[in-house]
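The following pair of complexes shares a single chain, chain A, combined with chain B in the former and chain C in the latter.
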Partner chain A sequence: MRAKLPMLICMVTGALLLLQFFVPHPFVQDTLLEWISNSAMIVGVFALAIGLASLLHMHGNKIKRRLPGWGFSVITLVTAAFVATIGLLKPAWGPTVAREQYVQCEPDLHGSIRTTRVVRVVHTLFGFDPQSSTTNVLIGAAIMPVRANRTPLYSWYFTYVHSALVSTTFCLLAFYMLTAAYRAMRIKSWEAALLMVAAVIVIIGQVPADQFVPLGHINGVSTFEWLKQLIMDYPNSAAKRSIIIGVALGGLATGIKILTGIERPYLGGGD
Partner chain B sequence: MSARILAAIWRNYYRQIIYALLFGVILYASFYRGKITLRVSDMTLGVFNAVEAVPQQRARKIRTLEQELQTLRARQAGSTEVALVAAKLVRARHHSNGVILVSFDFAPDVSPELTPMAEAVVRHAFARGIRVVGIAAASAQGAPLAKTILENCAQNPRGLYPEQLSGTHYVYLGNRPDMFNTLMQMGKDMHATYETDYGGRALAGMPFMRGIKTFHDVDYLVVITGYVGVPETWMQIANTKYKAMIGMGMTAVSISGYMPYLQSKQITGLLPGLRGAAEYEIALGEPNVAVRRMVAQLFAHALVVFFIVVGNIEYLVRRRYGA
Partner chain C sequence: MNVLATIDATWFDLDKLNVLVALVILSALILYFIYHARRGKALFVRRIPGLESVEEAIGRATELGKPMLYVSGIGGAGDVATIAAMNILGYVAEQVAHYDTDLLVPCIDPVVMTIEQELVKNSYTRAGRPENYKEDNVCYLTGEQFPYAMAVSGMMVREKPAANFFMGSFAAESLILAEAGAATGAIQIAGTSAEHQVPFFIVACDYTLIGEELFAASAYLSREPLLLGCLKGQDYAKLVIIVALLAGIALLTVDACLPSEFSQWFVQLFASAGG
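And then the complex of A and B:
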């Protein structure tokens, strides 16, 4: 029974999900689809709890046993707790102050609402006013009362800590890629030569190189750009298309095997 | 200094030298004030022209629905059928210049490449009086970023359009867990999927959303993404199932994987990374941050090609004369 029940659930759910693509009846398209979508979202939320438990278990163990790098685990857990806490705080508890400016607004040109007054909220960060954080809040149109005059701590953290760190880390890739290009792209065989020539064409074709070095034109397009498009349109697309079709057929076969119970990866095993 | 010493320095410190050169090149590009010209490619024009055509498309849609309604009334069709078409017509007339949905499916990691692209598309829509629905279908991390982008475009019009208001000219819905099912539900009823906007305002009472219920009420979808798999989900649901027109923008490194979809016309256009953003800005007649960043990219690419050549010369010399 322990093996058959999950199999049955999988088969029935899979069959129900497939129905929507073949049965145009309103019951299937509206009621059933909505029920399935809502159920999937609810199940998806449980993954969050499992993820959190897994994070605590893994890093907790590492700290407990003082394994190498346990200090990073402490940072991970403290940061996770901090971000989760500030995400739950009310926006009004945000530490950032905001300045409100009442300005007259032009009559609405396109919409049906006649906006008469607008409150412009300028978020300030230690006296610094980043223009991108300016917020308009409609009033007088019964949409919402003016209430947001603070930046929630979560938004502050996201913009000034998370975004900055992630962007910086990703941008460092340029440096690694440059050394990798220097070391790896060497003509050691004719296949490597082919790869290198294609790479150089695409790299040059992606930027307006003819601006500084005259490289000629083909059909009114700079030579490298034309060659790049040629590579992208034909050999690249042909290869990608075959991969896409291959993966789709493989996915179809695996899907049928899972639905019919031949493969049962959700039970922790293969067959 | 002899060649031998130089070679030894290069061998021991080539990483540091390459990093310093790249840093110098990017620094120089930041202060470079010369103009660069770019040809707007067909891939970019595919998205630009589709956004440009939204008001005409909406006018055609309204005319078609009016004719359909007249026909139904003339042949005294069932009240349900008439009511359905009448409701569609009311929604279509609500935003007479049309609506585009922009999905900001990226996180801060690829933001330097994709934010200019997203801004260019949103500014283009605002400049043509097209309403914008923003969502972050694939990324919870990208949700606050998308809000900033929309607000920045709305409140810094750069003389292209009047200041735009949230809830009147655009609405931002944020992120919901489980992208696949979110999109499936949006195709049926956006109000059921997103009960409130990102700021917590109920969509039910929002006049803007009276004109939008499903993907059919949106004239064009623009998906800007840095994730593999996200475009497929959009095409599978919005295009294949709900027949919505889609344009895409993605990081330059992912472009090669999606050329087949462009050729099969499942997407109308494809914005290739920063270059796509720069081309879009040029097509819009508002060269801005993406065009400026293209200078840095141009110099960095030149450096990459230079080091590929240097690496190969070094390899050939070593092979011939030994280490």
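And then the complex of A and C:
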């Protein structure tokens, strides 16, 4: 029973998801899908608690036993606690990252000065604006307050810390690509030579090389751009599609194995 | 008649009829070979170097007395590539359990972590070494792609695993992980269903399972007749697709010279309504 119930749930859910692909009825597309998505969300929330417990357990143990690198564990736990805490704070407590500023324009034909309201994001040190204050300005006949737009602290953290770190990590890819390309293009065999030639053509075709070196044109585009497109459209697409077909069939076979209960990794390898 | 058309349109999307027919044909082929395998017919499977090298990697880690790292991608538990990765993890953990080697499994998804903890624990139990299982070795790191890549890279630099496995669903972090692993000198085996990441793994890893080989791994490693039957069915399904592709190429080539309605109908037959 311990194994049969999860298997049954898996089979029924799998069959329902397959059904929704073919049945456009509102009951299936809205009610059923919403129910499945809500169930997945509930499982996800519980799983998040398990994940957090694992994080605390692992890093807590490292700190307790003063294992090598335990300092990193302290930073991890402190940061996790900080992010969780700022998520609970009131949005009004956040730093000021934008101020509504006003631009006074020239007098018009009737001699009256028009003031236009514009919102400008003030980029100060890490988004903090030490000069933020609320004052009033006259716009035409109306007195309008200048508002200091506050952002929730978690949003500030996300923009100025998290996104910056993630972008930095992503940028590292450029260096890794260079080392990977160096390794791939060392000409050791004729296949590597072929790869090298194809790569050089694609790289040159990607940039406007014809502006500097007259390389001729084919069908209205520069020779290297045409060659690049030829490589990308035919050998490259053919290889990619063969992988995609194989993956699709593999996915189908795995789906069948799971729906029929032949493979049950979700049971944790137990029977 | 109108009522019938309305019911059809509501309960079955007729634009997807071709998908259903293809699904039935391909599934029937796979199920037929599973049935055949049940009857004990021997089935041949070609050699996959990436999977042959799993034992070599385990042996090397044991000799060096260093841990092994297993990354099952950034997909969730519902991702087929992650499921395939879990199947390989079960095998690797069972082999590792025989030796006193640590297997580190950092996870990006708490659901995947829970399943993998059970999987590794059961594998150690099956190998008769439940005492060697360490719960903290299968851990949750973070739920985001690049922080996860950084955390795993840090783990590789600090722990210096002798063998790294990257199996499952990967995106831009694949090269970060593979290059960080290559820099530590570990033997690396990768496998992914993401065709855009395959070239990165090929240049940075020692062995790479390309696309479908990842899904074939559980059958290849376990040699279980039912799974091998499924693999055989997949091959025949591929044959059906190849025949359809060749027929399409021939028809469209003829159509370029002698246009016919049949060739257009044939092309439309394979056009998907999406979804």
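Please note the rule applied: the second predicted complex is superposed on the first by the 198 of 271 C-alpha atoms of A that agree within 3 Å, B and C clash if a C-alpha of one lies under 4 Å from a C-alpha of the other, contacts with A are read in each partner's own complex, and residues count from 1 in each chain.
What we mean here is this: a residue touches a chain if its C-beta (ideal position, glycine included) is under 8 Å from a C-beta of that chain, and two chains touch if they have at least 3 such contacts.
What you are looking at is a predicted structure, and each value in this text was computed from that prediction instead of being measured.
Within the superposed three-chain model, A:I244 lies in touch with chain B and with chain C [touch as defined at top].
In the superposition on chain A, A:F170 makes contact with both chain B and chain C.
In the overlay built on the shared chain, the residue A:T85 is in contact with neither chain B nor chain C. Of the two partner chains, chain B is the only one touched by A:V207; chain C is not. When the two structures are aligned on the shared chain, A:G44 is found in touch with chain B and with chain C. Within the superposed three-chain model, A:T31 lies out of touch with both chain B and chain C [touch as defined at top]. When the shared chain is aligned, chain B comes close enough to touch A:R186, but chain C does not. Set side by side, chain B and chain C differ in how many residues of chain A they touch, and the one touching more is B.
In the superposition on chain A, A:N236 makes contact with chain B only, not with chain C. Overlaid on A, the two complexes show chain B and chain C touching the same residues of chain A, namely 21, 44, 48, 166, 169-170, 177, 179, 181, 183, 240, 244. Partner chain C is touched in their complex by these residues of chain A: 21-25, 43-44, 47-52, 54-55, 57-58, 61, 68-69, 72, 165-166, 169-170, 172-173, 176-177, 179-181, 183-184, 240, 243-247, 249-258, 260, 262-263, 265-270. Across the complex, chain A is touched by residues 9-13, 16, 19-20, 23, 26-27, 30-31, 34, 77, 80, 83-84, 86-87, 90, 109-111, 113-115, 117-119, 121-123, 126, 135-136, 139-141, 143-144, 146-147, 149-150, 154, 158, 172, 175-176, 178-179, 193, 195, 198-200, 202-204, 210-212, 214-216, 218, 226-227, 230-231, 233-234, 237-238, 241, 275 of chain C. Contact residues of chain B toward chain A in the complex are 14-15, 18-19, 22, 36-39, 41, 94-97, 107-112, 129, 131, 141, 144-145, 148, 151-152, 154-156, 162-163, 165-169, 176-178, 180-182, 184-185, 188, 192, 199, 201, 205-208, 241, 252, 255-257, 259-260, 263, 272-273, 275, 294, 297-298, 300-305, 307-308, 310-312, 315-316.
The touching residues of chain A, counted against chain B in their complex, run 21, 29-30, 33-34, 36-38, 40-41, 44-45, 48, 105-106, 108-113, 115, 118, 120, 131-138, 141-144, 148, 154-155, 158-159, 162-164, 166-167, 169-171, 174-175, 177-179, 181-183, 185-188, 196, 199-200, 203-204, 206-209, 211-212, 221-222, 225, 229, 232-233, 236-237, 240-241, 244.
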